[in-house]
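After this come two complexes, each holding subunit A, first together with subunit B and then together with subunit C.
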Partner chain A sequence: MINKLPNWLNAKGNESDIVISSRVRLARNVDNLLFPHRMTAEDKDKLIDSIGETISSSSFRKETGEMKLLKLDELSGLDREFLLEKHLISLNMLDNYHNRGIVLGLDESISILINEEDHFRIQSFFSGLNLKDALVIADRVDDALEKFYSYAYHEKYGYLTSCPTNIGTGVRFSVMMHLPALSMTGGLKDIQRSLKSDGFVIRGFFGEGSEGYGSLYQISNQFTIGVKEDEIMLGLEKRINEVIVKEKKSRETLFKQKTYEMQDIIYRAYGNLKYSVLLTTKEGMNNVSLIRLGVERGLTFDEHIDYKQLNSLIVLAQPAGLQSYFGKSMSPEERERHRPRLFKEILKIGG
Partner chain B sequence: MINKLPNWLNAKGNESDIVISSRVRLARNVDNLLFPHRMTAEDKDKLIDSIGETISSSSFRKETGEMKLLKLDELSGLDREFLLEKHLISLNMLDNYHNRGIVLGLDESISILINEEDHFRIQSFFSGLNLKDALVIADRVDDALEKFYSYAYHEKYGYLTSCPTNIGTGVRFSVMMHLPALSMTGGLKDIQRSLKSDGFVIRGFFGEGSEGYGSLYQISNQFTIGVKEDEIMLGLEKRINEVIVKEKKSRETLFKQKTYEMQDIIYRAYGNLKYSVLLTTKEGMNNVSLIRLGVERGLTFDEHIDYKQLNSLIVLAQPAGLQSYFGKSMSPEERERHRPRLFKEILKIGG
Partner chain C sequence: MICQICKKNEATICMVKMTNNKKDTVYICPTCASQMEDQLIGSINQLLNPMFETFFKAGNTLEIDNNQICPTCGQTKREWQESNTLNCKDCAQFIDSEVVHNGKIPKNNKEELYVINLIKEKESHLKILIAEEKYEEAAIIRDEIKDLKGVSIDDK
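Right, the complex of A and B next:
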């Protein structure tokens, strides 16, 4: 069972009070192969085996550090789900896991998906706001791979990808943010509109329709063609910084105008985690969100609570994360009963 | 400021896990006086002064113990409200307090309202289920009064009262019960119907429309004519015992079928009281109700909690009770902010 927590949850990066993580994803395809959805199972397996050899070669390792290959067919359903919850694989890949693989760096901050929509999807995660370093690391893996594979590349269009929206640089930057004050005050709607008109998109962290769930949002670029990587990155970074300023301002206003109300909902959230006997992921995440806001605003709790603890719950409170934490498979009812213990243990609150 | 808690909240009587208190009220009028709503202010004051003399006479005191007279005109609005919250005076008396008085025994378990709907309303409260002793005490005061006043009494109809529903014995028995399980499972509706057809009525403790508020209900007889005191009392007692059995059965079923759900809402209620920063009377009462249910079911909390503490909150959580507890007048907003402290102090829960 995979039970490691990814390094990008450690809350050590820039703006960690509001930005959970930064992520860069590069879509790449091998020149002389059909796109994955047209490949035979045999060809897919061949590519996976080839990658297995590549990452064990010393010249590749010198660039990327030690990495290991996991074949999704060989993992348990729970392990695959946990990969999804850690945002390492997509929902599509969870549902169609045959002949697919993932290459993982030791701290899971770097990974390569094999035979998802594209042959390779290089992913690099960093804690806090740090797209630049995430890109440097992703580029390093990209360069290392290119020494072993000839990429599908067009002089005019750039990298060729399975889905047209990824053609060009093939890069997607995304930043996961905690925006409770903008959620509460409704300020997100304006931001959403303005981001959209500039080619960026904001989504709930847990995918479409999960808006407001723990007040976690990811903002990413929508297009990759006709613009340079650096420009996309700087454009997004500028936007993220604007959202940070707005979120902080909203927090200040909220706490100034509704001092007691805010303290009330935050401390009650703590009380709920401490005394609940049954807890859903959603309620858990929403309580974590409120406590995170409280920590940032300087509220103190019975026990010291830091961002790292709270971040780890973003992943561990999910169904597979919870089962991974307790090291056993559980029914939904059992999960609801065990989840309070997870929160109490991670946040070191008795009860 | 009156800040004493009535003795009937001490949870020492029979069936104290479900029955908060028993109450007997006798309506009496003086023979040669108009009913209060037709009396002049002067005559009302005369009756009050006369009662003042009566209760200070040694022959009266010998029967009833020491009592003191409070003229409602001379009390602060807050004190009058606190009398209402302690169920010592009626809402009607709070609104029209001029030339009215209340005679209070030392532990407030015995009292006489002067110039409410009737000249005298003798009230006797006991903790738990104990209508018999409550009646004995009320009768003792009744007998003592009769030595000083000639009652309006009709051979055929019995005691004459201002409102026809009280004619006859002039007695009303009421029992305050905590019925959370019957509230949750909807079992109260059947009980209500069946009680009504037998001349009894069930109401929310805080009057019409307060059903479900803290799951406190009072059951009383509706008519007083054509039946002997004892018959009414025994009939009501029988009904109360039936309701107790049904409530206990409902609790057992609930805790058997929804073990975790019940624990969850009960411990969360405790957490809410412990961590809230703002608290309304209603939410406070509902949390107290859940904790009371938990105590009865043997759940343990961080600190030992007993019925007496919980009962006292029934009165202290009310607006005037709260202000009386803190010894100062407060705005509704201040009360909401102070109420969590009251609950924490009474239940001895830190936070």
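Right, the complex of A and C next:
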């Protein structure tokens, strides 16, 4: 079982009270191969094996540090699901895991997906708002890979990807944010509109249609061609900072106008975690969201609670995360029964 | 796309036949294409495939149309319009974008040439702008040229 928690949850970065993590993804393809959806299983395996050799060569390791290759075919279903919950692989990859692989750096903050939509997807995660370092690290891995593979690159259209929406830089920046006040006051609608007109999108963190789930949202760039990587990054960073200001203002107003109501729902959320016997991921995460808001507003609880504890639940409260925490596989009913204990142990509720 | 003559191999060549201004296309594989060529130059006398017949009628002009099919993966332009997916790097010929890449360039690529051409283009544009006394626009172009020169120097 791959049961380590990723570094991007450690709440050590900038703006960690509101920004959970920053991610950069670079899409790359090898120029003399058909793109993954047209490759034979045999060719896909060959590419995975060649990556295995690449990452064990000393010249590659010198640039990127130690990395290990996992073939998804060789992992258990639970391990694959845990990779999804840690946002390392996509849902598409979980459903179609044959002849696909992932290369992981030691602390899992850097990874390369093999044979997803594109041959390589380099991903770099940092905690808090830190797109700059995430880009530096992703770039380093990209430069190292480029010495071993000739990329599909077009003089006019840049890096070529199987989906035309990624051509050009092939870069996607995304920032995960906790926005409880804006979601309570309905302020997200306006933000969504203005982000969209500037080429950015906001989505629920747990995928399409999960809006509001734990008040976690992901904001990312939509366009990848015509603008330089660092300009896309600065544009997104500027928008993120505006959203942070708006969220903080909403929190202040909310607590000024509805002091007792806010205290009431936050302490009830705490009580809910303390006394529930059965708990779903969604209910648990909604309670964690309120407690997080309380921590940021200076409310005190039985025991001191910090952002790192709260962040770890984003992954551990999910099905595979929970089973990894308890070290055994469980049915959905067993998971619901064990989940209150997870929350109480992590947040030190009830001694 | 599957070859329309043997119906077995992947087609990678698009032949266009013109008969009295009527355009007809057929997608064929390299094997069938070379047979067709043999037939055309007369090195094979008997007709190999009845499908060929329609192509050799008097008054037809035959030519290969590279814009209609990707030579590497065989995706046709029409398939591309449906799929909106690149199957290989050469499918880039179907991309129709006014916006041009302006970012990282692989170091082992022969991109220097492209940058040098782009600089030349912008420099001539700059001259025109200065002649027309459009100084604000000229300043922007001048900065872009400076950026581009930075890129090509970094690459060396």
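We take it that the second predicted complex is superposed on the first by the 350 of 351 C-alpha atoms of A that agree within 3 Å, B and C clash if a C-alpha of one lies under 4 Å from a C-alpha of the other, contacts with A are read in each partner's own complex, and residues count from 1 in each chain.
Quick note on the criterion: a contact is a pair of C-beta atoms (placed from the backbone, for glycine too) under 8 Å apart; a residue touches a chain by one contact, two chains touch by 3 or more.
Predicted, not measured: the structure shown is a model, and the values here were computed from it.
S.K.: Check the contacts made with subunit A and report whether subunit B or subunit C touches more of its residues.
M.R.: C
S.K.: What is the contact status of A:Lys156 with respect to subunit B (first) and subunit C (second): first, second, both, or neither?
M.R.: The second partner, subunit C, only.
S.K.: Looking at A:Phe148 after the superposition, I want to know if it touches subunit B, subunit C, both of them or none. Which is it: first, second, both, neither?
M.R.: neither
S.K.: Go through the superposed model and pick first if A:Phe35 touches only subunit B, second if only subunit C, both, or neither.
M.R.: So A:Phe35 only meets subunit C here.
S.K.: Between subunit B (first) and subunit C (second), which does A:Gly271 come into contact with in this model arrangement: first, second, both, or neither?
M.R.: first
S.K.: Go through the superposed model and pick first if A:Gly168 touches only subunit B, second if only subunit C, both, or neither.
M.R.: After superposing on A, A:Gly168 lies in contact with subunit C but is clear of subunit B.
S.K.: Can you list the residues on subunit C that touch subunit A in the complex?
M.R.: Touch list, subunit C to subunit A: 72-73, 84-89, 91-92, 95, 97, 99-109, 111, 114.
S.K.: Using the touch rule from the top, collect the residues of subunit B that touch subunit A in their complex.
M.R.: 260-261, 263-264, 267-268, 270-272, 274-278, 302, 337, 351
S.K.: Could you list, by residue number, the parts of subunit A that touch subunit C in their complex?
M.R.: On the subunit A side, the touching residues are 29, 31, 33-35, 37-38, 139, 142-143, 146-147, 150-164, 167-169, 171, 225-229.
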